[in-house]
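Shared between the two complexes below is subunit A, which pairs with subunit B and subunit C, respectively.
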Partner chain A sequence: MQRSNRETRPHALSAVASTARLPPRFPQRYTRHNGPRAVKGWSTAGPTSASRTLSRRSLLRMASLAGAAAVVPVTGCAAGPTEQGAVTTLRFMQNKPEVVGYFNQVIRDFEALNPDIHVIQDFNEGNFVPGLVRNDPPDVVTRGFAQATGDFVRKGIFADLSELPEASTVDPQIQDLVNSWGQYNGHEISALPFSLAAAGVIYNRDIFDAHGVAVPTTWDAFTAACETFRAAGITPIYGTFKDPWTLAQGMFDYVSGGVLDTAEFFGSLNAKGADVSAAAAESFTSNFRPVLPRMLQLASFSQNGASSKNYSDGNAAFAKGQAAMYLQGPWALSPLVAANKEVRLGTFPLPATNNPADTKARVNVDMALSITRNTPNMAAARRFVAYLMEPAVVNAYNEKHAAFSPLKGAPPVTNPQITGLAESVSNARFYQGAATYFPPSVPLHNYIQSFVYSRNGDQFLAALDDEWRRVAERTAV
Partner chain B sequence: MPTTIPGDPMTTSAAVASARAVPAATTTSAVTRAPRRIDPTYYWMVVPVLALFAFFITLPALVGVFFSLTNYAGYGDWKFIGFANYVNIFKDPAILQSYIFTFVFALTATVVVNVVALAIALGLNAKIKWRTGIRTVFFIPMVLSALVVSFVFNYLFSNTLPVLAERLGFTPLATSILANENLAWLAIVLVTVWQAAPGATIIYLAGLQSVPAEVYEAADLDGAGNFRQLLSLTLPLILGYLVINVILGFKGFLGTYEIIVGLTGGGPGMATQSVAMRIFSGFTGGDYSYQMANAVIYFLITLLISIIQLRLIQRRGVAL
Partner chain C sequence: MTASLLPQRTTRTRAPRTSAPEGYKINWWLTALMLVASLTVLLPLYFTLAMALKSPDQVGTGTGLAWPNPMNWDNFAEAYVATGFARAFMSTAFVTVFSVLGALASSSLVAYAIARNWNHRFFRGSFVYLLSAMFIPFPVIILPLIKQTAILGLDNPAGVVFLHVLGGISFNTLLYIAFVRSIPVELEESARMDGATTWQVFRRIIFPLLAPMNATVGIFAFLGSWNDFLLPQMMIADPALQTLPVVQMLFQGEFNTNYSLAFASYLMAMAPTLVVYILAQRWVLSGVMRGAVK
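Entry: the complex of A and B
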């Protein structure tokens, strides 16, 4: 999910610190040793209950980690298993720090039913890759599904869940979203969708009502609505260009997803591999040209000085009614309500063409459950995943967090903030954002920001073609 | 011509402390006095540190070099691909751009930091009122973390400054300079100078205090003016300190990272991506081996620059 892009740097700092401490063993394949238990538990950000401040105890911890790191390569696989008595300890890493409370409750309920399993929650997703490098990843993981997670799947990091009975309870069209990122050995189910986030244009219902504007279903109606607001002295769309990820998940994804078939485009682009040139029929230059003028038009509907406003500025301003619309996903809803309890919000999918039948919502599998392939606690992990996939747990989570349940026969959403997207989601008129198809090594967000400032479309598309080809070249070998 | 820079050049505070105490002879007395029997204490001092250094720095660095020859993503399967990563780096204009940015930035920052720091040091070394208090004020930026400083400046540049500029009708600053692809790097230089100047100032102050007062008295008697004294006496006498500052500063600015993260995050667009940021992106981007190759190349370049600098210093008769 997009927000993780904002988080990478601070987390990554700790990532490097830990990789520097422990040189990666040279894994022939990704195998997990039972050995370095001494490191386990210290290596993550720690359970949620632990204080995150730097106390004397945490300093001692760090010292003992350094000591453990020094010992591990020598002692190798000598240490014993994790079980203390009959209790198995599972490490559960989930990717959304804002829902820690919900999962603490779920874990308490699960432990009450399963006294032989103890679950530790970790919400610092930035520790996942370092955990892999150390051959010590968590047992159960939730991740947002996009290119980066697809890469883990293709490298066989996750166990096959296709035989879990819970796998058949998932809506196949939503399971396909996960599978579209690749399947290990061509058929495995590496993750079960837990939560589907749908994004569109968040709008202020009061401002729409006050100016008699109905939810637009065509691009022309949309621009007409923007002109109405502008004529009334209201900023049509609040822009937060200083945070480039907001441009990527907003105007870039919404317009490209509405104008093009992104899944097909990236499918053929990936099939073409390193041969793609700007002139090729599969290139960005050949396909993305119709997207660009509409992006610039959206940018022109933003307030003056959007380039010095970031995501949190945008939340504060939009919640106070300083603009009619806001190109953000459902994750912005709770900060908006937190900033102004009175604000009445709705969401509609951006109509990127003049044919209402083309209008689609941007979705992403915001959380999908996986078990790491080489966990020594496979049986316990499967029991935990089975519990998490119970309809009561899944549906309650999604209802509470303005998301859509991926299960068959889930109750319809009632939250007025997202009901405008319900029709698109239930008819599977959705797409995964174009930005999520890019490998993280391409600084796409910066390129988009650069394009919005310079308005130089040729340079932008040529840069994307170049970057894509270079990454394909070096990952193909 | 000053000949010896005392103290460990890696830590400025140590340099200052020893500069004040013993300006000349800090070469280990054991070597000069008893070359045959070496006190084992020295080994106790050196060997554990050497072992830690090898284990925590040299070994991981070698592992990194090893993986730069593979297509390892940081996890999962990998195989040897020879020098393909190195070849690809030279074909990557984005990497080249980050090198150009980093070197231009490091050169500019080094020059500005040293000019500012020397001016401050000269002022603080003069007999002015409230000297100790003013010195303390000037050293505060050194105590603050660079990341904190850059977040504060980020706010000033994005919110305070545009509002002020708009009130005063000064349009060039009415939009944040951090959002301007051509000017954002100047903001980074400004914050870097603000943060790095105190460290350089301390070294210059130490140098200024090592200049004996008699030479100025003699110059006064000879009728040399203040400016002439600065040019012909002070600067040559603290040349060694200037060299230290330039070398340490340049080396530090080549690795610039956290101030950019706090201010622009490498943007707007690709305008302020430093080499260190690109290398770092390999850890999160699944591009580990490629950026490791970048790191090896960058290491060789900085090594080359260091050797050239050392040669230049030795020719001037300054020993590190």
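Entry: the complex of A and C
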């Protein structure tokens, strides 16, 4: 069958070519000016390679014409919605591709209640800056709040939302997390937190139960638990050192957040500006020294060969119960459950000192809603943000995605995977990871990785001081 | 006509098969080497196929070499719906078709003009000018370009086409000029004798003779525009008109990648490339120059 197919194909192609009445190639065309007969002469001249070329070319040509023709209706209907005068079209740029489906449903609900507004969801965050450049940014934006978004805030990209009634429903301590990245004109509220992600030590409840280990509340209890697991032949902590970001958000953030007051440290470091030197009281060298031995101790509790494992390896292995603990945030929960539906997980904040009252959770404002300042659809955008900030919408989203609602009086979390962090979050015993304070131009993650491998703390802290000063000099105003 | 074609085809394909043992010796070592080398293409393709047919709980298990059982064909339908495949496909096809046509038309015209007017200082200068564009790294000018295209109303697939054609013109012209120089001027002179105008000479003689280079430029332009990520991502303002490579980002979150859906959608996006590759490759190989210069 195969072979006979192949043999009939050239015949089919030349039939297409002759019915399409292609002009023959030049020499015939110029010598005899009789179209149809020239075609006949050409095709009976035998199946030379030249004739096959022509037929294939004709096929390509027709394919391209068909493609072009098919595109026209698409561009036609895309212009449709914007022309329906009564309906305002909003663009909503959202930073998490994995929840696009969820927000499509939210948007459908919103449009049912507000038939005069049409919302287009865009998850292509890379188009945000180009949107600003062409002065056509999306109307409503959600972003994770850290250094980069703080930059936009300080430049006044986003409108002031303090007048919005919904602004008063947000827990002020969580609003402070957003505001800590800077406020335009010193007082504006540029974003309303929508989802707060809290991270700690993810642990396998079955392994903890099997070895009679309780959730540790002090550093000594934590290391004792690790020793227990190690003695039992179980890897205490699964390390994924090949992906340096896992070291940054894991051991670096958890230990520094537990030992130091990161917000205060970076506040005074920023105030010092380009004058910071390794000897200064504000420097990394002067403050981060107690953090380092604990990081190395955490690293020593990892499995052999952690330096060749990446984040996805870690998810697959931890889901299968190959370690008792895993230094990851709530984003790892859904891949873990996807890899093993039976796994019973919990999270506790890492106790970095021996005083249980010091124990804090690492949080980040995972989504915060902003309206761009120059949007022509301010009223519609405000209505959309107001809808998204309704307790039912906010709480339902966070309930479903293992995150914490930033609203006052939000119902307590019931998801057993994150209940261990609930007390820290509700008492505002939390910090934003030290790694998130670094400007992207400092390759912090790689420095952390090289510190974990080389164990050279002086070099590590000196490098951070150097890098920080370099960036401060460059960006000084 | 068809009757006369078919028997000839069969004899042509069968002839080498019978004469092969006498005609040449098979180099088994080289054949084995080529077989191993072909694995570099076939193995990733196998992984892609296998991954595209896995259900979420099959993704993380095993070595990856095992064929999924049962096969989860729903991935294709799910990826099709999630990406809005038909619309993204049409947008990508629009960009690609017009980028290829634009690249072929503009660069060959420019090359012909420059190659045949090499004695004019203006044309030599313009060649250097075009070549100098190759020294400007694209990311450096992308933000000004975005501003400019927005002012001109080109923040859409048409603008992407325009920039693809423009961006390729220096390299493509370089390719074409070398080729145009190898075409004997006598061919053109004979056409002039028959009363052809410059346009007719280009359309009837030069452009057909450029076919091998057209194929090369066409393939470069096709792959470049079909697979391009950065330009559409930054340029196309309306998410509804976004192209496939950008839309497929949907499956890669910051911390989660939906591998099975992603690979199903990559396969669907790859299909036209494969088809065009097979067609265009044979086109190149068929030796269009034969019979033109005797």
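One rule holds in what follows: the second predicted complex is superposed on the first by the 392 of 477 C-alpha atoms of A that agree within 3 Å, B and C clash if a C-alpha of one lies under 4 Å from a C-alpha of the other, contacts with A are read in each partner's own complex, and residues count from 1 in each chain.
Note that contacts are C-beta pairs under 8 Å (C-beta built on N, C-alpha and C of every residue); 3 or more make two chains touch, one makes a residue touch a chain.
If you're wondering where the values come from, they're calculated on a predicted model, not measured in any experiment.
Looking at the shared chain after the overlay, A:Gly257 reaches neither subunit B nor subunit C. Look at A:Pro406: by the touch rule set out above, it reaches neither subunit B nor subunit C. When the two structures are aligned on the shared chain, A:Phe123 is found in touch with subunit C, with no touch to subunit B. When the two complexes are overlaid on their common chain A, residue A:Pro335 makes contact with subunit C while staying clear of subunit B. Contacts of A:Pro443 after superposition: subunit B is touched, whereas subunit C is not reached.
Using the contact criterion defined above for the overlaid structures, shared-chain residue A:Val133 touches subunit B and also reaches subunit C. Note on subunit A: of its two partners subunit C and subunit B, the one contacting more of its residues is C.
Contacts of A:Pro351 after superposition: neither subunit B nor subunit C is touched.
Comparing the two interfaces of subunit A, the one with subunit B and the one with subunit C have residues 8, 15, 29-30, 70, 126, 129, 133 in common.
Chain contact summary for the complex, subunit B toward subunit A: residues 55-56, 59-60, 63, 67, 71, 73-77, 81, 84-85, 88, 91-94, 157-159, 162, 175-176, 178-179, 181, 261, 265-271, 273, 280-287, 290. The touching residues of subunit A, when paired with subunit C in their complex, are 6-8, 10-11, 14-15, 18, 25-26, 29-30, 40, 43-44, 46-50, 52-53, 56-57, 59-60, 64, 67-68, 70-71, 74-75, 78, 91, 96-98, 100-101, 120-124, 126-127, 129-131, 133-136, 311-312, 315-316, 319, 329, 331-332, 334-335, 338-339, 341. Of all the residues in subunit C, the ones that touch subunit A in their complex are 1-2, 4-6, 8-10, 12-13, 56-57, 59-61, 82, 87, 90-91, 93-94, 96-98, 100-101, 143, 146-147, 149-150, 155, 157, 191, 194, 204-205, 208, 211, 233-242, 246, 249-258, 276, 279-280, 282-283, 286-288, 290-291. The residues of subunit A lying in touch with subunit B in their complex are 8-9, 12, 15-16, 19-21, 23-24, 27, 29-30, 70, 126, 129, 132-133, 148, 151-152, 155-157, 241-242, 244, 305, 307-310, 439-441, 443, 446-447, 449-450, 453-454, 466-467, 470-471, 473-475, 477.
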